[in-house]
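Since the structure comes first, as structure tokens, the remarks are kept for the end.
Per-chain residue numbering starts at 1, and chain names A, B, C, D, E, F, G, H, I, J, K and L are given in the order in which the chains are listed.
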Amino acid sequence: MAVRNASQGILADDKTEQREQIIEMLTKAYWMEIETVMSYITNSVNPDGIRAREIIESLQQDIQEELGHAQQFAARIKELYGVVPGSLEFNAEQSYLQPPEHQTDITHVVRGVIEAESGAIEHYNRIIEFTDGLDPVTNDMVIAILHDEEGHRRLFEGFLRELAPDETR
Amino acid sequence: MAVRNASQGILADDKTEQREQIIEMLTKAYWMEIETVMSYITNSVNPDGIRAREIIESLQQDIQEELGHAQQFAARIKELYGVVPGSLEFNAEQSYLQPPEHQTDITHVVRGVIEAESGAIEHYNRIIEFTDGLDPVTNDMVIAILHDEEGHRRLFEGFLRELAPDETR
Amino acid sequence: MAVRNASQGILADDKTEQREQIIEMLTKAYWMEIETVMSYITNSVNPDGIRAREIIESLQQDIQEELGHAQQFAARIKELYGVVPGSLEFNAEQSYLQPPEHQTDITHVVRGVIEAESGAIEHYNRIIEFTDGLDPVTNDMVIAILHDEEGHRRLFEGFLRELAPDETR
Amino acid sequence: MAVRNASQGILADDKTEQREQIIEMLTKAYWMEIETVMSYITNSVNPDGIRAREIIESLQQDIQEELGHAQQFAARIKELYGVVPGSLEFNAEQSYLQPPEHQTDITHVVRGVIEAESGAIEHYNRIIEFTDGLDPVTNDMVIAILHDEEGHRRLFEGFLRELAPDETR
Amino acid sequence: MAVRNASQGILADDKTEQREQIIEMLTKAYWMEIETVMSYITNSVNPDGIRAREIIESLQQDIQEELGHAQQFAARIKELYGVVPGSLEFNAEQSYLQPPEHQTDITHVVRGVIEAESGAIEHYNRIIEFTDGLDPVTNDMVIAILHDEEGHRRLFEGFLRELAPDETR
Amino acid sequence: MAVRNASQGILADDKTEQREQIIEMLTKAYWMEIETVMSYITNSVNPDGIRAREIIESLQQDIQEELGHAQQFAARIKELYGVVPGSLEFNAEQSYLQPPEHQTDITHVVRGVIEAESGAIEHYNRIIEFTDGLDPVTNDMVIAILHDEEGHRRLFEGFLRELAPDETR
Amino acid sequence: MAVRNASQGILADDKTEQREQIIEMLTKAYWMEIETVMSYITNSVNPDGIRAREIIESLQQDIQEELGHAQQFAARIKELYGVVPGSLEFNAEQSYLQPPEHQTDITHVVRGVIEAESGAIEHYNRIIEFTDGLDPVTNDMVIAILHDEEGHRRLFEGFLRELAPDETR
Amino acid sequence: MAVRNASQGILADDKTEQREQIIEMLTKAYWMEIETVMSYITNSVNPDGIRAREIIESLQQDIQEELGHAQQFAARIKELYGVVPGSLEFNAEQSYLQPPEHQTDITHVVRGVIEAESGAIEHYNRIIEFTDGLDPVTNDMVIAILHDEEGHRRLFEGFLRELAPDETR
Amino acid sequence: MAVRNASQGILADDKTEQREQIIEMLTKAYWMEIETVMSYITNSVNPDGIRAREIIESLQQDIQEELGHAQQFAARIKELYGVVPGSLEFNAEQSYLQPPEHQTDITHVVRGVIEAESGAIEHYNRIIEFTDGLDPVTNDMVIAILHDEEGHRRLFEGFLRELAPDETR
Amino acid sequence: MAVRNASQGILADDKTEQREQIIEMLTKAYWMEIETVMSYITNSVNPDGIRAREIIESLQQDIQEELGHAQQFAARIKELYGVVPGSLEFNAEQSYLQPPEHQTDITHVVRGVIEAESGAIEHYNRIIEFTDGLDPVTNDMVIAILHDEEGHRRLFEGFLRELAPDETR
Amino acid sequence: MAVRNASQGILADDKTEQREQIIEMLTKAYWMEIETVMSYITNSVNPDGIRAREIIESLQQDIQEELGHAQQFAARIKELYGVVPGSLEFNAEQSYLQPPEHQTDITHVVRGVIEAESGAIEHYNRIIEFTDGLDPVTNDMVIAILHDEEGHRRLFEGFLRELAPDETR
Amino acid sequence: MAVRNASQGILADDKTEQREQIIEMLTKAYWMEIETVMSYITNSVNPDGIRAREIIESLQQDIQEELGHAQQFAARIKELYGVVPGSLEFNAEQSYLQPPEHQTDITHVVRGVIEAESGAIEHYNRIIEFTDGLDPVTNDMVIAILHDEEGHRRLFEGFLRELAPDETR
């Protein structure tokens, strides 16, 4: 005798297709966060100099925050009857966050962080749009994560305004 | 001289009818959580055996969480000018969460929890749908609670997959 | 090969009948505490007014305390080889703790709390008397709970002395 | 070489006008919270009497909460590329929360708090409506703040029911 | 000039003989707890397997609890003018709690724990009976310890019910 | 309409006389603890010397413990419908705990503490005897306090054994 | 070979007489605080009623604060080469803080607290005046204590304004 | 029957005029701190850039500290029988702490903070001078606050030495 | 004028070649830990079933521990004048830790963890051997990490003994 | 299909014999720590007198520390594929730490502790020597424990220098 | 454009000379505290024996306290526009706190501490006198430090009374 | 009867000469740490400017860390039967860490810290080399301290790379 499934909401039997689309979007988001964790560890250790300390302290805190995001995405994939992928499916994409030639070149790091956050913001806006009215739990969870990313981006834009004043609006 | 009421939002004078409908839905949700507290106390004490420990530990934590949900529902009823009902109005409905014949029969407990969570998920989806664009505070609060319930259900479905592999999708 | 049972004390084989009587008394106590939890949630949310704040704060703290009592009774039932009952066996009895007509009528609430505590005190005194010299563990546990209830009752009697001076000794 | 902006969501280049409207609304909300901080400090010190203690304790806690709201509004203004205004732009508006003639007149304070919360609730409902589907982060943040304000208002309405029973619904 | 002794209670001069009997019983209890500490360290390290984790976690917590019991017994011996014995007087008796042949044989461990707790329960019931009305402090202290042991025993009986259903009542 | 009193236990109407006797005994106990607080403050400040440090540290901790005992006695007097007396009814009796002539004379202090604890032990044994089977809550509470006092006395007897070996058994 | 004393400040050899005068004043202050501790225990237990809760909570906190003051006075007496007196030298003076006839008469308690604080404020002002420029450590310590007492007095004056409006300025 | 007032110190009846002068000075100090809270919120959010982080972190901590000062001033006004003013009496004066044209112009912010602290230091020195020997409690409280402000000023002077070396001594 | 380098130890100028060899080994270790973090997130979310809980809880704790190891390796690379590599250089190697076909197949996960730990143990033993007497700081750090990995491996070997008794020694 | 073992380090297949020798040494160390726990409980309760307090406090802290050592030894035995022995294999050897004839004879206790620590220091030096370059994890763990024991021994040697000056170097 | 300096108080331009005198006095105080830190580390490690434990524990706590004093003096020097001196300007003066010939000679240590505290007390009294009415912040800070030193001195005088009764008053 | 010494390890009688050599090296290390504490207090207070904040925060944390190192060295000297020297034997050597002419010259401070750490690293490498295989406890302790110093040095080298790019490798 099988237990019945919920007949309402995203977990209902007639929402299988949408669930799979959401899982695909969450899986991409999951990998973005995992790569960000990697990039932030790297960039919270390599840079030299006094000015670099602010960047380093900021990224060190973000490592835990981004790891938390990754775990939230993973848990939601599971809740929607998906499977979190293994390490063989990882593809690095953040070419802009690789170590610079000189470790005192923090403008390189700041630009890379802004680029990474911009990509995340765009993807998360898409998830929010897609899940609106369809899967309120995913929707609400991603809005909260989007808030974090917008805050990070704005902080590093501020850094860039000082370092390269003509690159920002 | 009477203080004026807010002229905007769910607390506005012209929203009386909708408020009452929401109160009714919240009252039902309140009783569901209260019965769940009861059922989880029972089922976190009775079961025997090593495998039962995981179930017990999970339910013991959920007692506090579900009690918190009940108190949130009660507080929201109050905020919407409703009255939280007294114990005489309680009607037990979770026939599937009564103690099994043998206290080592944990499959019975797991199935019961899934059933209870399914009912809650369905009802909370209805509240979310009804309050969307009408009462954003209730809407947001219930989404957060729905997230908890979906997580519980998924965890116990995982248990059932091991205990009775052919009952779950 | 069966493990042997303790040959001394309430868990000994020749104490089966007394154990069952104690379990019955503990089950009643369990339901009294569960209903009190329900009633205190209700009455810690509904009342309006400044004077009601003291009552509300007192009851909010008691919710956790009474829930703890319920869990202690449940655990002891289990230790004595009983089974904690399910929600279908619950029967509401605290007619005196239902919401009053006007939510500023706190005298109604105070009187209800005193009534509930009086019933608990009487029942717990009976358990203490019955287990004295027979089951020292239950005896000791119920004395500690009795102390809490006597303290609550005395506090609310003090409230009543102010609200309705001629109703108390 | 300028870093690219996000092409999706409220931070996208084609949303400039809407961002400015939101900033204007958030700036008004910011000043409302700042004035509330001021008014609550005043009214958590001046009142005399035993009944006043509940009001005072409630307002003392709210000072930190409202300050937190102000800081959230300020941070969001910054994230949307606005500038938080300086003290010269402050204009007091809470005429109803000035110190009463007699410091034991707590009904005056209670009425003033309800008035202030009503204004906030109305304005925040407007922001929520405007940002719905446009800026989910601001939308979500303001809903959470709205919940706090509705709770405060309801609490003080309860106080007023006792102090001036015919002024409330 | 000698200070006077208390003329009332178990510390009075005319209670010397009873004190010595109690000391003897407490000394036996002390050694039972010490050996249990030893056995629980052993059995919280040796067992292999997933099911063994519950047993191990339970025993790891109990090590500190049982050590605490031993220290309470030792302190009470001192308070009654006795001397806590040295390690040369230790005699191992828990033959049933020695490491099994295969470290995945957890039924062996569970049976051993039940046996050890049964012995403790019997001995502590005897102390409680003997000190009743004679030495209320020792009486009260041993009742509290008895409660712990009954709880442990019941938990492991539950484990045995699953592992060897026909060995338990 | 008066609320009914509990018909069982020490709070029942037919136990008035016994309650008054218990209140009298608790009042004496209350004053003993209050004077001990005073004496321990004095004797935790005055003594000079290295050896005095152990005494001072021990008494400093006991100040809070004895104050706690006094507050427990006061609360129980209240619960039994008595009135805690005011400062005018205080009569000092601990002549043996007044400051010695030389502040390095710690033997004087040690002897005084033993004398004070002996008196308390005797009085508390009497309360325990009187309340046995009559008022289990008071009985249980005083046993716990007696345990503390026996421990203190034994510690200071140990001190005296070193300072004046022929004064102790 | 004697160690030398400090040649500067209140501990210098030529300040013996002034030190003794300060010790006398501190000893009086010490007894005032000790009696206040006693009176506040009494008055934090006896009063009945909802309004009494604010008074009780305030006094319960003050017990620790006033005990701390007493211990500070005692320690300073010691530092100035004085001896803290024993319990036999205590004389009760707070006739105005004895229990009232009816335990709901909180105006009696409020008036008594104001009277006690007024006496303390006067005495501490005298110590501050006497030690100004002579013993800055005592001076600074007593100013901090005076601040506490002024705050307590003002709070209870506020209570009295409500309870008996024509008794306060 | 009116309670008597203290006949000694700043609260005595013959000190009415001086109390009023102190209240006036404290009211000005109160408004200075309130405006500083506002200005520091603004300036802890607006600035962009890495160097700005140190300023921002420093101001964020100071917000709570300055708010605490404001609350201390308010409480002291109350203790001296004054009334804390309402928001309508606020007048902005810190023209030098308004947002600069470019948010990376931190020299503007640093200069503004120094200007604000200089004004506070001057006013607090005047209060200290006026209350010396007259109101030791206010005197002591303001000295402690002055210490904080001198520390802040010195820190920001250090910042200015780096940013604009020829502007500081 | 250049600062001088330390003339002793692994940081000395004549140790450049060895430093580079150590950096290479640490870089490999760094990537092993990073992949392990990834694999453990995956495998702490995917598995279903009661027995899987122990595995999941164990891996969830290890995520933080392994991330800490990665950060220690990264920091040591930096201290030895190396550069931590970016995400583009990551190559997945843990084919044995990819998600199994059925999420209740925990034997697959247990085997994968043992395999991963075995590889780490081998590599870390090599680093320890190479740095012995050459770079005591790296040596000591890696021994501590090795201890963690040996413990993990042993725990999962124990799990495998139960799940697949004939696969382990 | 068996999982492979690590081919490097002490866990490699070709190190079986050495592992067994280490296990034997660790087993002896385990029993030494267990007996020390026993002896320290005894000697932290029995001694009388002021000077004994320092000894007692020191031993009370060491009980937990030595228990921790025992658990570390046990865990390492397990990691090396050994089995922690049961209580029947315990043999008491610390004849020098049995209770003395008079409980104020602390020199006896101090000498006993030194003797016990000397034995441990010798045995642990042997383990360190044997594991050097062979099993770095055990080596490192035992060095840390040795440090503790050397510190304890030195402390008690200092005590003995005062008690029996001619017995120490 | 230079920022203006405060025109009031010790930081005013016309107080330069007095500031320099205060800086000189604070610099001497700074070095006294630094040497005391050194001496207390030495004397909290060297002494042997049971009686030495009280001294050692007291000095260990004082290390942090005296270091805090040094840091307060350093910060105040900075605030008054002085420069904290470097280690080359340190001159040891506490000849009386060098290690004694025998490490059980604690009378030597006690005498040395009293001597050091006496010197500090004298110097701090001079600073307090000089800054009275001139620099209230320094004045207040040094009074608080003086209180600590008087307390330390008195404690060690008490020790000396026991060790060498005829050396103290 | 003398207690026996350990016959194994660095504390054995035949290791006297080596112990003395180690003590000499530890004494030098002790003084290096003490002077570093002094220098870091100075340099954590004097510097002005925003960039100086990172240096100051880093040095403030290091004060406690270096003090801890000094206390570890002192304790180990004691354990090896040495005597920690007194303040008269201190000789300042860190000429490079004296205050610079201008307090905004942080390059001076950074260079000085690197110089100090280089000297420590060299000396600690020598101790590690000398104690290897001879005194494993000292060896292990100094390796851990060396790790801290290498980390500090690397951090400040990074600062120097920014401030004076051509001075570092």
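The working rule: a residue touches a chain if its C-beta (ideal position, glycine included) is under 8 Å from a C-beta of that chain, and two chains touch if they have at least 3 such contacts.
The shown structure was predicted, so the numbers you read here are calculated from the model rather than taken from an experiment.
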Partner chains shared by subunit E and subunit K (touch criterion as defined above): F, J
Copy-to-copy rotation for subunit B and subunit F - C-alpha atoms, rounded to a multiple of 5°: 120
Where subunit B and subunit C are represented by their mean Cα positions, the distance between them in whole Å: 25
Mean-CA-position distance for subunit I and subunit B (Å): 42
Between subunit J and subunit I, distance of the C-alpha-averaged centres to the nearest whole Å: 31
Residues of subunit F touching at least two other chains: 51, 75, 78, 103, 139-140, 157
All touching chain pairs, where touch follows the definition stated at the start: A-B, A-D, A-H, A-I, A-L, B-C, B-D, B-E, B-I, C-D, C-E, C-F, C-G, D-G, D-H, E-F, E-I, E-J, F-G, F-J, F-K, G-H, G-K, H-K, H-L, I-J, I-L, J-K, J-L, K-L
Touching residues (chain side subunit I, partner subunit A) in the complex: 34-35, 37-39, 41-42, 45-46, 63, 67, 70-71, 74-75, 77-78, 83-88, 90, 92, 94-95, 97-99, 103
Complex interface listing, subunit B residues touching subunit A: 111, 114-115, 118, 121-122, 125-126, 128, 132, 139-140, 143-144, 146-147, 150-151, 153-154, 157, 160, 166-169
In the complex, subunit A residues that touch subunit L: 47-53, 103-104
Partner subunit I, residues of subunit J touching it in the complex: 1-9, 11, 75, 78-79, 81, 133, 136-137, 139-141
Of all residues in subunit K, those that touch subunit F in their complex: 51, 54-55, 106, 157-159, 161-163, 165
